[in-house]
Amino acid sequence: MLTALSVTALTLLLIYSMVTNALPAIQKFGWHFLFTSTWDPVKEIFGALPFIYGTLVSSALALLIAVPISLGIAIYLAELAPQFIRQPLSFLIELLAAIPSVVYGFWGIFGLAPFLRTAVQPFLSKYLGFLPLFQGQFFGVGMLTAGIILSIMIIPTISSISREVFLAVPSNQREAATALGATRWETIRLAVLGYSKTGVWGAVILGLGRAIGETMAVTMVIGNRPQISVSLFAPGYTMASVIANEFTEATGKLYLSSLVEIGVILFFLTLIINGIARFLIWKVSNKAKGRIRE
Amino acid sequence: MNIYKRRKIINAFMCSATFICATITLLPLISIFIYVLSKGASSLNISFFTHLPRPVGEPGGGMGNAILGTLTLIGLTCLWAIPVGVLSGVYLAEFGNNKFGAVVRFSADLLNGVPSIVIGIFAYILFVVPMKTFSALSGAFALGLIMIPTVMRTTEEILLLVPRTIREAALALGISQFRMTISIVLKTALPGIVTGILLAIARIAGETAPLLFTALGNEFWQRGIMQPIAAMPLQIFAYAISPFDDWHRQAWAASFVLITIIFLMNFISRLVIYLQRKSLKAK
Amino acid sequence: MEKVKVEGLNAYFSNIHALKGINISIKEKKVTAIIGPSGCGKSTFIRCINRLHEVVPHAKVSGRILFDGKDIYSSAIDPIEIRRRIGMVFQRPNPFPVLSIYDNVAAGLKLNGMKRKDDLDEIVEKTLKMAALWDEVKNKLNASGVSLSGGQQQRLCIARTLAVKPEVILFDEPCSALDPISTAKIEELIFQLKENYTIIIVTHNMQQAARVSDYTSFFLLGELVEFGKTQDIFTAPKDKRTEAYITGRFG
C-alpha cells in the first residue's frame, strides 16, 4: 500500500518539480519559447522552435517508414507465415527492441550514416532531387538518418501490438470474406484490417510516443544543429538531444530552466500521445471482451 | 487484363510484400550483429575487463571501471526498485481492485511513458542539485524510476495468473489474506516475478540518457555512491563520438559485452515465462 | 438435374477423420437438409463443398466433388472462383462491423471489380429486397452493419451472399443464434430462394428440416447414414439409427 502510494507520489513529484524548475523560462519567454528559433546561451535568449521542429519531423519520418513495414510484418506473422517460423521470427524482431539506444547510435554513425551518404542520398538526390526534401550536401548524419534509425527502433513496438490486434480478429470475419470469394489478401484487407483499425492506430501512436522521447541514437546521428531546413539531408536537432548535449554545460539559471522547459514540453507531448494510444488499445480490448460475453 | 487475373496478381504481390517487410527488418539486426561481432569481439581481452581507460595513443587500457560501475548502478537500483516494484505489484493484484488501485496503475503507466531523458532531469533536480554533486545514487534513482513500472506490472500480471484454487485452499486453512499472499501466492509466482525483474534489468542496463547528468561518468575507479560513477553505456557514448580509432574499438567491445548480457537476460526470462505460463495453464 | 455430386469424400483435422467416404447427389433448385447430432460432421461437410475446410490449419480433404460435372478439387480449378459460385451463410451472423449496410452487400461486388455506382445501387437494392430486408434498412444504408438486430444481421449476410450471384447457397445452422420470429423469416426466405438457387442447409432442428427441405440426409459420426426425400426420411426411415434420431431417442 505504502509502496504503491510512493509510485503515485513520485509521479506527482516529477511533474511538480519539472514545472517549478521550468517556471523562470516560462515566465521570461512565455509563448515565444515555442515559436522563436534563436538559441543563444550567451545573450540568454531561448526559443525552442528548431528542436520542436526536429523532433516532429524526425518522428514523422520514422512513422512514414515504420508503419507500412510494421504492418507488413504483423500481417505476415499473424496471417500468412507458416506456423513453425512465427515464433522464431517474432522473437528476432523483438530482439531489435532490446538493443540499447546508444548502440543504435554508434552503429548509426559508423554503419548507417556512411551507407546513406555514399549510396542512398546520391540516389535520392539524382531521382527525386527536384523535391526540396532531397536537395543539398550529403553529410550522412542528419534528419533522414535520424528518421531511419528511429523507424528501426519503433518497428518492434508497432508490429508486435498490431500482430496481437490482428490475432484478436474473430475467425468468422475471415470466413465471411473467404466465403465471398475473396483472395487471401482481400480477406486480410476486408476482414482483418477493417476490424482492427482502432487497435492499429493505437499501436502506431504508441510508436510515435517512443520516437518522440528517444534520445541517444538520435543525438548521435542527427547532426545537432539548431536550424530549420526543408532538406532531409541537412542536420537538425531534437528536444531530447538538446537536453542530452547541453544540460551538464548549462550555466546560468535561465539556460538550465529553458532546458527543463523543453523537458516539460516533451513530457506533456508524450503524455498526450501515450494517453491517446492507451485509450485506443483499451477500446479494442473492451470490444473483444464484449464479444466473448455476448 | 481481366479483373480476375488482376486480383490474383495483387494478391501475390501483397502477400510477398509482407514477407519482404519481415525480411528487410532483419537486415539492421544482422548488420548490427556483424559490426559488434567483427569489431567488438576482436577487441576483447583480459585488460578490457580489468584495466582503467588509458589516454589516447597509449595501448592497452580497458573499461574495468565502467563494467564495475554498471554493475554497481544495477545493484543500487535493484536495492530500492525491486522492493517498491514487487510490493506495489502485489498490492495491485491482491487489493488493487478499487479507485486507489486504478490511480496507482495509471501513474505507473504514465511513468512508463515518460522519456528517459526527462527522468534524468527529474533525478538531477531531486538529487544532484541539493547534493551539489553528480553521483551513483542519483543515477540509481533515475534507473529505478524506469524499472519500477515494468516490475510492478509484470508482478501484478503473474500474480493474477496464480489459480484461484490455490488462494482458496490457503484461505480455507484459516490463513489471513496478507500472510497467504506472502507465503503461498508469492511462492507460486516467484519464477515469473524473477524473470520480470531480469527483463527490467536488461532494459536499464543499456540506458544512457538518464545517466548523462546523474551518474555523469568517471575516468577512474569509483569512490563511493555519493560520487560520479562510470557506466558502460556512458563510456560507449563518449568513445563513439570521439575521433579516435582506439576508442572506437573499445566502444565496440563494450557494445558487444552489453548486448551479450542484455540478450542473455532477455532470452532466459522469455524462456522461463514461457515455461511458467505453460505449467500454470496445465494445472 | 443434379447440381453437386459428392463422390468418396473424406475430410480430416490433423489426425481426426471427420468425414468418412461420403457419397451424395444434390438436386438443382431444391433444398437439401443435413441433420444429425453435434459433432457428426455436418458443418465440415458443407465447408468442403465451398473449399472452406482447407483454410483451417492441418485440415485435409480427399475424394471428388463434382459441381456441374467438374471436380472442384482438381488442380485446374481455383477455389476463389468456386467460393463465389457457391455462397455460404454462417451459424452466427458475421457482417463486417466497419462497413455500412450498403458496403456489406456491395463488398463481394467490389472485389469482382464492379465500380459504377448505378450498377452497385441497383444490385444492392435488388438483393436487399430478395433478402426481405430492404424496407427495414432503406433509410439507413450508411449505418453500420452491426447496428441491426441479430435476425436482420443474418438477412444482411444472406443479401451479401446473394449479391455475387452464386448458384448454390450453403446455410450452416443459420437460425441457431436467432429468436423464433427471426427464424420464421429466414425459413420463409429459404423457401422463396429455392426458385432460383440450389440450397444446402445444415440444421440440428428436425422440425426446421421437415419444414424447409425437399431432401434430407442424416449424418452420424462422420458417415452418411441415410439420404432421401424429406417426406420418406421423416415418415418411413429405412435405417434404425435414423429412426432413433428423428424420434428423439438420442442426439
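Residue numbering begins at 1 within each chain, and the chains themselves are lettered A, B and C in the order written.
What we mean here is this: a residue touches a chain if its C-beta (ideal position, glycine included) is under 8 Å from a C-beta of that chain, and two chains touch if they have at least 3 such contacts.
Owing to the predicted nature of the structure, the values given are computational and were not obtained by experimental measurement.
Q: Sort out for me whether A-B or A-C is joined by the greater number of C-beta contact pairs.
A: More C-beta contacts join the chains of A-B.
Q: If I average the C-alpha coordinates per chain and also across every protein chain shown, which chain's average lies closest to the global one?
A: Central chain is A.
Q: Just curious, how far off is subunit C from subunit B if you go by their C-alpha centres, in Å?
A: It comes to 54 Å between the two C-alpha centres.
Q: Which integer distance in Å separates the CA centroid of subunit A from that of subunit C?
A: 48
Q: Please compute the C-alpha centroid of subunit A, do the same for subunit B, then give the distance between them in whole Å.
A: Computed value for the inter-centroid distance: 19 Å.
Q: What positions in subunit C touch 2 or more of the other chains?
A: Only 80-81, 111-112 qualify.
Q: Note the residues in subunit B that touch 2 or more other chains, in rising order.
A: 7-8
Q: Residues of subunit A that contact two or more other chains, please.
A: 183, 186
Q: What residues of subunit B sit close enough to touch subunit C in their complex?
A: The touching residues are 3-4, 6-8.
Q: Taking the complex as given, what residues does subunit A use to touch subunit C?
A: 83, 170, 172-183, 186, 190-191, 194-195, 197
Q: Please output the residues of subunit A touching subunit B within their complex, sorted ascending.
A: Checking each residue of subunit A against subunit B gives 1, 3-8, 10-14, 17-18, 21, 68-73, 75-77, 80-81, 89, 91-93, 95-96, 98-107, 109-112, 152, 155, 159, 183-186, 188, 209, 212-216, 220, 240, 243-244, 247-248, 259-260, 263, 266-267, 270-271, 274, 278.
Q: Note which residues of subunit B are touching subunit A in the complex, please.
A: Subunit B reaches subunit A through residues 7-8, 10-11, 14-15, 17-22, 24-26, 28-29, 31-32, 35-36, 83-84, 87-88, 91-92, 95-96, 100-101, 103-104, 107-111, 113-122, 124-126, 145, 148-149, 152, 202-203, 205-209, 212-213, 216, 233, 236-237, 240-241, 248, 251-252, 255, 258-259, 262-263, 266, 270.
Q: Residues of subunit C touching subunit A in their complex?
A: 50, 52, 55, 57, 80-85, 87-88, 90, 92, 94-99, 107-108, 111-112, 157, 160-161, 164
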